[in-house]
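Note that chain A is present in both complexes that follow, paired respectively with chain B and with chain C.
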Partner chain A sequence: MPRKLTHQTKSLLLVAFLLLIWWFTPVFFKRWTNIAFHEFQAPAWTGLSYLRDLRSYWVLRSYRKSELIEAGVEMSRLNAAYMLRNQQADFLDREIERLEAFYEMPSYEQFHYEVARVVRRDLTAWWQQLVIRKGVNYGIKTGQAVVFSGGVVGRVSSVGAYTSTVELISSPHFRAAAHIEGDERPVEFRGGDNPGLLPATGHVSTVPADIIATLKEPVRLTSSRLGGVFPDGLTLGWIYSLDPSPDGLFQTGKVMLDPRLKHVREVAVLIPFEPRPGAEEQ
Partner chain B sequence: MVPMRRHYKKAPERQDNPVNTRIYLMYVVIGICMVALLCGLAYRQLIQQESFAAAAERQNYRRILMPGPRGIIYDRKGRVLVGNRPLFSAVVYLNELRTEFREEYFNLVRRQRDLGLNPDRYAMNIEARRNVVMRYMNRLNSLLEEEFTVDSTDIERHFSQSLLLPFPLITDLSPEDYAILIEQVPIDSPIQIISGNARWYPYGEAAAHTLGFVSDSTEFPEGTLPGETLLTFRNEAQVGRSGLEKSFNNHLQGTTGGEIWSVDPGGFQHERVVHEVPSKGQDLTISLDIDIQQAAEAAMGTKTGAVVAIEIETGEVLALVSKPAYDLNDTAPYISFEVDREIREKGAWLNRAIQGLYPPGSTFKLVTAMASLRAGAVDENTIVYCPGYFQVGRRRFHCHRRSGHGEENLIGAIRDSCNVFFYDRGTEIGVWAIANEARRFHLDRKTGIELPAETGRMLVPDPEWKAARFYGEGWFEGDTANMAIGQGFLLLTPLQMATFASSLARGVEFLQPTLLHDAGEAEVDNPISLRPEQMALVREGMRQAGERGTARLAGNPNMPVAGKTGTAQVRKDGRPTTLAWFVGYAPVQNPRIAVAVMVEGVPEEETNYGGGSTAAPIAKSVFQQYLGM
Partner chain C sequence: MSDNGRISILFLLNLLLYFLAGELNFYLAHWAVHLHLDALLIVFFGLYVSRTSSLLYTALLGGLAGAMNPLAGGTYIIGYVCLWMYFVWCQRRIRRQNSIHVRAATAVGQLLWMLVLVLFDGTYQWGSTAYWGRFLTELLLSTVVIYLLAWPWCRFQKKFLYTLGWDLEALPPPH
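Up next, the complex of A and B:
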C-alpha cells in the first residue's frame, strides 16, 4: 500500500521538484528563457500571419473581373479624395512651419511611421496586447507609441528580433497623460478591466471640474505630448459622463474606446526622428 | 504434643494510610488551581473581554484620517477670492518596499563583513532604507531631469510615525512633470502620483491680510469615522493661520473622512475594512468687493499705509487694504524661509488697517468739534480768531498756516483744518470732554471685526492714564491742546477711523463693521445725541472741506464728498515724518460709503505726505470705483 501511494505521488513530487528548481533558478536565466520562448514562437506566429495574408490574397483573386473593376473605380475615387486631403495636410504643415518660424518656436518633434501587421491578439481580462510583425529589425523600441486610423492603439511593451508586443490602451496596466479636446490641462487616462467580449473601456481621472460631458454632447479624450510618448491630439476615446470627486476639484469618468481596437489588423509605430549629429550645436 | 499453630487472620490493609492523604491533598490543590484558572478564565472572558477585544483591535487595525478640502471664499459679487487648486505629488509607499529594504540591508551587512568590519545593524537599516528610497528618487530625477534628494531623517520619522501614509518624494508637480510621470512611471510601481489640493488666490496680493493664509497641520476634527481608540495616522490638513482663514477655520474646514486598515504584525497594510470619503468645507461669501479693493491697492501704489472702505447702510467692509502686502500664492502650499524673510524685511506681515496704531491728526478734530458742541462751547455763532498760533503757558502751538486763518467759525475751521480753533475750544472744554466724546464713538476699544489679532492697544488718553503711565505726572493744558488736534498720546487704527466716519455719516455712535456679506441687519449703537442743527454744522464743515477745503482732491463736482484730512507729525525710526490721513463719506446728501486712508511717510526718502495731497486722491479712487463716477 505505501509503495502504491509512493508510486501514485511520484509524478506530483516531480512537478513539485521542478517548481522548486524553477523557484531557485536565477532571474537572468528565467528572463532568457522567456525571451527565447517568445522568439521561438515568433516565426510560427509570423508564418501564420503570412498564411492569412495569402488566404486573403486568394480570396481576392477569386473575385470576378466586373467586381474588381468596380472596386478599382471606388479605390480611384478614394485615392483622389485622399490626395486632396494630403494636399490640404501639406498646406497645413507649411502653415505650421511658417507660424513656428514667425513666433520663433522650436520645431514640433516629428515621427516617422512604421506600419506593421498584427500577427496575434491576446485580449483577456488579464492581458490586452497585440503582437505585431516588426521588431528590432525596423528600429522599434520599447515605449514607443502605436496608433491606427481610429487613434491611439497603445505602447510597445517589449521588442523581439522580428516582432513586438503592444500593450493596448484598454489594458489595466496602461496609463497615459491626456487632454480633453480643446483643453490644455493634463488628465490621467487608465485602461479598464476589459474581459474581452464587452466593448473596451478606460478610466479618466483628474478631469478639471469645469469640463462637462453628457450623453448628447460627449467630449473627446485625446493624447498629450506632455507625457513624452504620444503626439498631441490623437483620439483615446469618448467620455459620456463625469462624476465629481469629493474634493470638488476633479471629475472622474469612463472612457469608451474605439471598438475597432479589438479587430485592428494594421497599426503604425511612431518612431521619433533621431536628432542629426551636431544638430544641437547648430 | 505439637502445639497447635495459631492461625492469625491477615489483617486488612488500612485504607487511610498517609500516602492516600497526600493524594487527596494533591487533588484539593489541583482543584483549587483549576478553580483559580477557571475564575481567571471567566474573569478574562466575561469581565475583561471588552478591553482585550479593544486591545486586539488596536493591535490589528490602523486608522487613517483624511481631511476634506476647504471651502471657497467669494467676494460680495460671487467672484472667487480663495479657491483650491490641484496639487500633484509623487509619493512612495514604504510599505511596499519591505522586500527591497531587507535585500539592501543584507547587501550592506555582507559588504561590511567582506571588509572585515562589524556592521552596526541600526545604522545599516537606516542606510538601506535611504538607499532604496533614493533609488526611486533617482528614477524620478532621470525622468524629470532634476536633482532632488531624500533625507534619511525624514524617512526614519515617516517610518516610525506614519508608516501607512505615503512618503512624499516630490510635491507640487508642474502639469508637465505630472504628465511625464503618469505616462512613464509604471502603474504597478511603488511610486504613485497622487492628487491633493492647495489654496489658490486668483488675485495674488489683493486683500492678502484680510483673507489670510493656511498652513499644513494635523490638528483637525476627527469627523465620523469610527475607531477612536485605534492607532491613528493623520494626513495633514490645511488650517487657517491668519485673516478670515483663521477666523472662519471651522466653517471652511472640510469634513474629515478616512480609512481603517487591518495590518500585519509588522504594522504594514493588509486590507482596507472601512472607507469614508471626506467632503469639502462650506463656502464663505465676504463683504469685500474685489474691484474696490484693487482700486484702493492700485491707488496706494508702493506707499505704506492702509485703506478701509465701509458700506454705510450695512456696515459691510468693502475694502481693507494694508500695504505693503504679499502674494498669497507664495504662502501655498507652505511658506518657505525665503518668502518669510522677504515679507518680514518689507514689514508686510503687519495688517496696518487693524494692527497699526497711529495718531489720527486733524481727522480727530471732528471728535473735538462734537465734544465742543455737546459742551456748549461752540455754536453756529462761535468765532475764534486764528493769528497762526495759540499760546499755552510759555509754549506757542502753531497752526499749519503760519500766517493764520483770521476769524473762523466751526464750519470754516473744519473746512480749513484750523488748528487754533480747536486748540482754543479743546482747552476750553478740557480733556475729559474730548476723551468721553471719543469713547462715545468706541474709539477706545476694538471694533470687533471678524479678524484675528485686531489690536486692543488703541489709546484715548486722559489725566488718569497719564498719571499711571508716567509715574504720577500731571496732565497739562498743552496735552489737551495736542489731543484736540489728534496729536500727542492719541493712538487709533485706520479701521477705527473708517468706523467713525461711517458712524458719523449714519448719525449713530457706532456702526459695527463686518466682513460678512448679507449677514443681516447692520448692528448700530445709539444715535449721536446732538441736535440736528449741531450735527449739520459738522457735516457742512466736512462738505465744504470736500468741495473747496483741504479734502477737495477726494471728490469732484459730480461726486460731492464730505471729508476731513489730517497730517500727523510722528517720529519713525527716530526721524521725523508725517502720516497723511483722510476720513470721509460720499455722496454728501445720501451717504453710501465711508472711507479712511492713512499713508505713512518714509523718513529716509524725506517724503512730504499730506492728508489733502496724498491721502485724499487715494480715497477718490475708492469713491469713484464704488459710485461709478
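Up next, the complex of A and C:
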C-alpha cells in the first residue's frame, strides 16, 4: 500500500508545480505580469507621496508670520539675482545661435524641464533608484536625463502610465560619458560604491595623465553630450585624487557624489524638444 | 466567513506592511541604509496558514515586490515562494508557540533571501569592501528588526484570525 504524503511533501510538490509553470510561461506574459504589478501598486505609492506633501503643507502652515515674511524677502532677493542671470543667459543663447548660423554648425539639443516629485526611494546595496510621480502622461520616455539643483540625478530606466523609475548615478549599473571641467577629452564615469551611512561615490576612468586632482584643489566631473543623454556641463561629482592606471596612459579615481542625492524630493526630467515636422526640409 | 476569506484579509494586512516598509525606506535613504522585511511578509503564511491560497498570496506579494525592483522578472516571485516553502519546512522543526524559535526562523529566512540577492543581483561587486560593508549593514539592521518584530507580528495576526473566528491554536499541526 503506498505511503500517504505528508503535508510538507504536498506543499513541496505544489511549490515545484508552480515553479514549473513559471519556468514554461512565455517571456511576454512574464513581462506583462511585471508591468501589471507595477501599475497596480503605483496609485498606492503616489497616494503615500501626496500624504507626505500634505504633512509638509501642515508643517509649513505652523510657521509664524514673521518667519514667512523673512523667507519671502529672501526669495525676492533670489528672484532678482536669477532675473539678472536669465538676462545674461538669454544674451548668451542668442550669441550661440548667431555663431551656429555663422559657422553653419548643428545646434545643441534643446530640452524642456518636467519637474516631478519623488514617490519612492530604493537605495540598496544592489540597486539605487527613485520612482517619480510622472510617466507617459507627461511625455517621459526611457533613457531621458534626470537632474536636480546639485547636478545629474540619473536617467529614466522605465516608464509607467503615471510613474517613472529613475536609475541614480550612484547605481552600480550606471555608465556615462563625462568631462573634467575645462577639458574637452571624454572620460568614463560609472556608479558603484555605496557604503552604508556614508555619501555615495562613483568611479572615473580613462582620465588623461596630465589632469591633477588634490584634496585642496578637487576637480569637477561634468556630464557630456557624447553619450546622447545628458547636455554638457552638469555636475556629476567631485574628484579629490587620481591614481595612474597600470598602462600609465590614463588615471582612475573615486568620484564623490552630491550627498543630497539620498534625500532629493523633487527632480526635473529633461525632455528633448521634438523637431517641428518639415523643419529640416526648410 | 470562509478560511480563504480570512486569509485574504491577512494578505491585505501584509500588503499594508509592505507599503509601510516602503515608506520607512523612503526616510531611511537619508542615512544610506535600506530595511529588507521580506521574511516578515511571508512568515505567517508559511508557518501558520500553509494553505494553497496562502501560497498564491505569497506569490502575489513576490510579484508586487519584484515589479518595483530591477531584478530579472520573476526573481522575487520564485524567491518568496521558496521562502514560503522554507517556513513550511520549519513547521515541524521549531516550536511555533516559542517566540525565540519564530524570531530566529524568520531572521534566518531573511538572511537566506539576502544571500540569494547577493548571488542574483548581477552587479558583480564582490571584490569591493564598500559593497560588503553596505551589505553587512543592511543585513544586520534587517535581521535585528525582523528578530524584534517577527513574534509580535505573528501574534497580532493570530489574534486577528481568532477575532474572525479561526482559532489556530486549537488546530493540530499538519502532518
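Assume the second predicted complex is superposed on the first by the 271 of 282 C-alpha atoms of A that agree within 3 Å, B and C clash if a C-alpha of one lies under 4 Å from a C-alpha of the other, contacts with A are read in each partner's own complex, and residues count from 1 in each chain.
Convention: contacts are C-beta pairs under 8 Å (C-beta built on N, C-alpha and C of every residue); 3 or more make two chains touch, one makes a residue touch a chain.
All values reported here derive from a predicted model rather than from experimental measurement.
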**OP:** Mind checking the superposed model to see whether chain B and chain C fit together on chain A or clash?
**Re:** fit
Original post:
Which partner does A:R133 reach: the first (chain B), the second (chain C), both, or neither?
Top reply: neither
**OP:** Mind telling me which of the two, chain B or chain C, contacts the most residues of chain A?
**Re:** C
**OP:** Determine how wide the angle is at the CA centre of chain A between the CA centres of chain C and chain B, giving a multiple of 10 degrees.
**Re:** 110
Subject >> Touching partner for A:L14 - first (chain B), second (chain C), both, neither >> reply: second
Subject >> Contacts of A:H173 with chain B and chain C, given as first, second, both or neither >> reply: both
**OP:** Please work out how little space separates the C-alpha atoms of chain B and chain C at their nearest point after superposition, in whole Å.
**Re:** 8
**OP:** Return the residues of chain A at which the contacts from chain B and from chain C coincide.
**Re:** 172-173
Subject >> Contacting residues of chain B [partner chain A, same complex] >> reply: 68-69, 84-86, 88, 175-176, 178-180, 182-184, 186-188, 193, 195, 197, 254, 257, 277-280
Original post:
Quick one: in the complex, what on chain C touches chain A?
Top reply: 19, 22-23, 25-26, 29-34, 36, 50, 52, 55, 59, 63-64, 66-71, 73-74, 77-78, 81-82, 84-85, 88-89, 91-92, 117, 121, 123, 125, 128, 130-131, 133-135, 137-138, 174-175
Original post:
Tell me, which parts of chain A touch chain C in their complex?
Top reply: 6-8, 11-12, 14-15, 18-19, 22, 27, 30-31, 33-35, 37-38, 40-41, 44-45, 48, 52, 120-127, 129, 131, 157, 165, 167, 172-173, 192-201, 262-263
**OP:** State the interface residues of chain A toward chain B in the complex, per the touch definition above.
**Re:** 143, 172-177, 185-186, 188, 190, 205-206, 224, 226-229, 246-250
